[in-house]
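Chain nomenclature is as follows: A, B, C, D, E and F, assigned in order of appearance, with residue numbering initiated at 1 for each chain independently.
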Amino acid sequence: MRQSDQQLLTHLDREGAARMVDVSAKAATRRTAIAAGEVQMRPETLAAIAAGDAPKGDVLGTARLAGIMAAKQTANLIPLCHLLPLQMIDVRLDADPGLPGYQIRATVTTTAETGVEMEALTAVSIAALTLYDMVKALEKSVQIGRIRLLEKSGGKSGDYKSSDRNASS
Amino acid sequence: MRQSDQQLLTHLDREGAARMVDVSAKAATRRTAIAAGEVQMRPETLAAIAAGDAPKGDVLGTARLAGIMAAKQTANLIPLCHLLPLQMIDVRLDADPGLPGYQIRATVTTTAETGVEMEALTAVSIAALTLYDMVKALEKSVQIGRIRLLEKSGGKSGDYKSSDRNASS
Amino acid sequence: MRQSDQQLLTHLDREGAARMVDVSAKAATRRTAIAAGEVQMRPETLAAIAAGDAPKGDVLGTARLAGIMAAKQTANLIPLCHLLPLQMIDVRLDADPGLPGYQIRATVTTTAETGVEMEALTAVSIAALTLYDMVKALEKSVQIGRIRLLEKSGGKSGDYKSSDRNASS
Amino acid sequence: MRQSDQQLLTHLDREGAARMVDVSAKAATRRTAIAAGEVQMRPETLAAIAAGDAPKGDVLGTARLAGIMAAKQTANLIPLCHLLPLQMIDVRLDADPGLPGYQIRATVTTTAETGVEMEALTAVSIAALTLYDMVKALEKSVQIGRIRLLEKSGGKSGDYKSSDRNASS
Amino acid sequence: MRQSDQQLLTHLDREGAARMVDVSAKAATRRTAIAAGEVQMRPETLAAIAAGDAPKGDVLGTARLAGIMAAKQTANLIPLCHLLPLQMIDVRLDADPGLPGYQIRATVTTTAETGVEMEALTAVSIAALTLYDMVKALEKSVQIGRIRLLEKSGGKSGDYKSSDRNASS
Amino acid sequence: MRQSDQQLLTHLDREGAARMVDVSAKAATRRTAIAAGEVQMRPETLAAIAAGDAPKGDVLGTARLAGIMAAKQTANLIPLCHLLPLQMIDVRLDADPGLPGYQIRATVTTTAETGVEMEALTAVSIAALTLYDMVKALEKSVQIGRIRLLEKSGGKSGDYKSSDRNASS
């Protein structure tokens, strides 16, 4: 492996073994990450959720909570992630009739030595899986896609903003 | 909500409140589920993983293990899932230069009153997120997509096979 | 310690040390437990929840989900509990203007060698704590009380029904 | 929902959806919370615990440890709680022949952006449930009650002291 | 890798990748495993534990409970372990002045398709680490050793009994 | 119990009850701990791992990851441990033909009010157990031993270095 690759695959040590990156020399700064994803389904399935969700909101509410709780479990799920003190987690699910399905977006904030991209991506993924779980009796062909980082700010590596044109709409 | 919808959104009770479905009247039978997903990245990122992975295999090995371990956490992540005794979990990541990126596939088996679709989908999702985590210093625009159920067998609702043409290739 | 006490404090061995009771000689039978509890608050707090809960239902929905998820964590929280395959978990929160506050009730079902009283009681307790958490900015004097087993059926020790007159109303 | 309610139900956003409150603008200060609760039982049950507990102390010791460990799990149990670095957890169980039963008190300390009321209340609740678990073979009518916050100090919202007259005795 | 090795390293598939062994074709039978280990310390440390443990028993009681609770976490700690329904967990710590230190022994029982060796070994290991934790302010040179399987019964691979002469004394 | 013992058994309060030590008056400083242990096996078992590990590295890679992930679970496993923000975790397994078997070493870093000895020791223990799990079909007499603290730096109690002569080789 070339030296340059080695430095970039920061989770591998010089011999290629997995390790948890040392962040002790980095400053704790405020960091935010926004991730997104989508859950695609048949129009009838989308309509059933909209109808079923009316009285109590538990389909989307359950997915939202599952996403929030999963963000707090990120370091237990992603082997080389650091456990970070999350200061805010927000998960939104918006119906998108054009998909058809739901657009999911998660925003996570911390003040720490490393960023919260994985926490935001985990929140989106588990919210999507929970939505899948709640409608799978209706449709088995639901598909989860386009899970990606939209934005990230804070930290030495600089801010990032996805070129994805729907990122911040 | 119409009666028919209510029966299909099985995770909601008559009033629309979330609940864990009662499976006590169902027979415990052998059930298998296969799920898949893909992680799309730039060709250079794929090349760096291939190079970095050579000596010890820890990039793909870490993602694979994370997927296996996450399958066992499914009932803690997806609020209304039942905890099931998983008898086998297999997670594969295959490089796909045409994507470019990795195809991920997870197979899970149980003998239980309900199926293991969510376990297979969770394994794929967390394996994909772990792969993302390991290459995010190289590329932030990695995208996870096409997370879907390929096949499911066992149980009263019958077998399912995705019409996805790459499903069982 | 007298012999009779020793047999009744089944979680202690002959020397008084904690142990997990051996259930391997017991038959796996269907078992259900119903537990209840209440969360007492000022009338204004109850009114604010009712108002705030209208659009999306997330106050009560969050408490309900927390209770369901906690039931699945019982064996990790109560040191000497066995991990059981829960087949159904149902948690209800009903406003009680006379309290004033909420009545919480949890029903849990399994087919196992031992009962699910602790799972039902844990679901009630965590649902109550979650409700507390969501209103604590409004009122710090909210009080959780009367957490108790209402009914239990299945198993060799026979059925139990609380003499509590509100138990099954 | 009126604006004032919305601000007070801080766990709901403007649309009534659950969220984890953003604490990133708050200062990390030392905070303490003391919570209490009680476990009521028949005099014979209390006597059996006292007798059984003599040689090794495992009944009360098990409940105490379960409370301490549960405090560390609070953010995994209460969906919208922040994970906080707990600096001290103390759980006490004192026999109260007048109840008859046990008075439980938990004290938790942190230096963080938000308080530890939920951690103290969770410690009390799980210690109480563990006590219930250990005596349920003796008596099924054991009841857990009066779980409440006694005191809280630190943080911008000011100190709180329960008017409960037994609070600090 | 030779075929024979491959079959014996059952956690690796044909290509050497980690997997969770498929146990779905195996019968669920009653299985027991007994593991042991020891914690070696200076005589003064052993004496301090004995003295400190007298009034409440919390040093050894804490280690014992930690071992019991850890056994239930085995499948979350050991990546390729199956989650099994543990029917009994017993952990003992006995002072051994000749060591000097403590002998730890854990017995675990299940009725399942695979054995509970790892659960018994995990219980011993975490009980030993907890004992270490509780005395580390007294002595940092405490050493944990001889963690091994003493006996195993049930299952197709037959019973096993360690040749260790102190195994069953 | 003498006063001096009581002060040294810091996890016990004045009455001998277990408690989590209050670290709120201590300064958060950078702390590192290095722990080690060994896994002893027959020469043939060591040879089979070496052979089986060649193509993908998953035997040692799995043990390494399990150790890293377990370090993050320390506060959930060891009842009186504080949850600390781990900044780096490194786990190494080196074949030792003279043992024969593997030498395991874990290094953990934090910036916190208390040290990370238990995290390093937990990483070593779980890595060792995972190695055991992966070879137990080959040999049941594998033994884990010499789990000990090699070095610790940072904190008021001063640095520690084991007199163990192989400690830092």
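What we mean here is this: a residue touches a chain if its C-beta (ideal position, glycine included) is under 8 Å from a C-beta of that chain, and two chains touch if they have at least 3 such contacts.
None of these values were measured; they are calculated from a predicted model.
Counted as hops between touching chains, the shortest connection from chain B to chain F is 1. For the touching copies chain B and chain C, the fraction of interface residue numbers used by both falls below half; the interface is of the different-residue type. Relative to chain D, the chain whose mean Cα position lies farthest away is B. Per-chain CA centroids place chain C at a distance of 16 Å from chain D. Distance from the chain D centre to the chain E centre is 32 Å, each centre being the mean of its Cα atoms. Among all residues of chain F, those that touch two or more other chains are 17-18, 55-58, 61-62, 64-65, 69, 73, 76, 79-80, 83, 85.
Those chain pairs judged to touch are A-B, A-C, A-D, A-F, B-C, B-E, B-F, C-D, C-E, D-E, D-F, E-F. Of all residues in chain E, those touching chain D in their complex are 55-58, 61-62, 64-65, 69.
Chain B contributes residues 13, 17-24, 75-76, 79-80, 82-85, 112-113 to its touches with chain C in the complex. Contact residues of chain D toward chain F in the complex are 30, 61, 64-65, 68-69, 72-73, 83, 85-92, 109-111. Interface residues of chain D facing chain C in the complex, by the touch rule stated above, are 1-2, 5-6, 8-12, 15-18, 37, 48-49, 51-59, 61-62, 65-66, 69-70, 73, 76-81, 117-118, 121-122, 125-126, 128-130, 132-138, 140-149, 152, 157, 160, 162-163.
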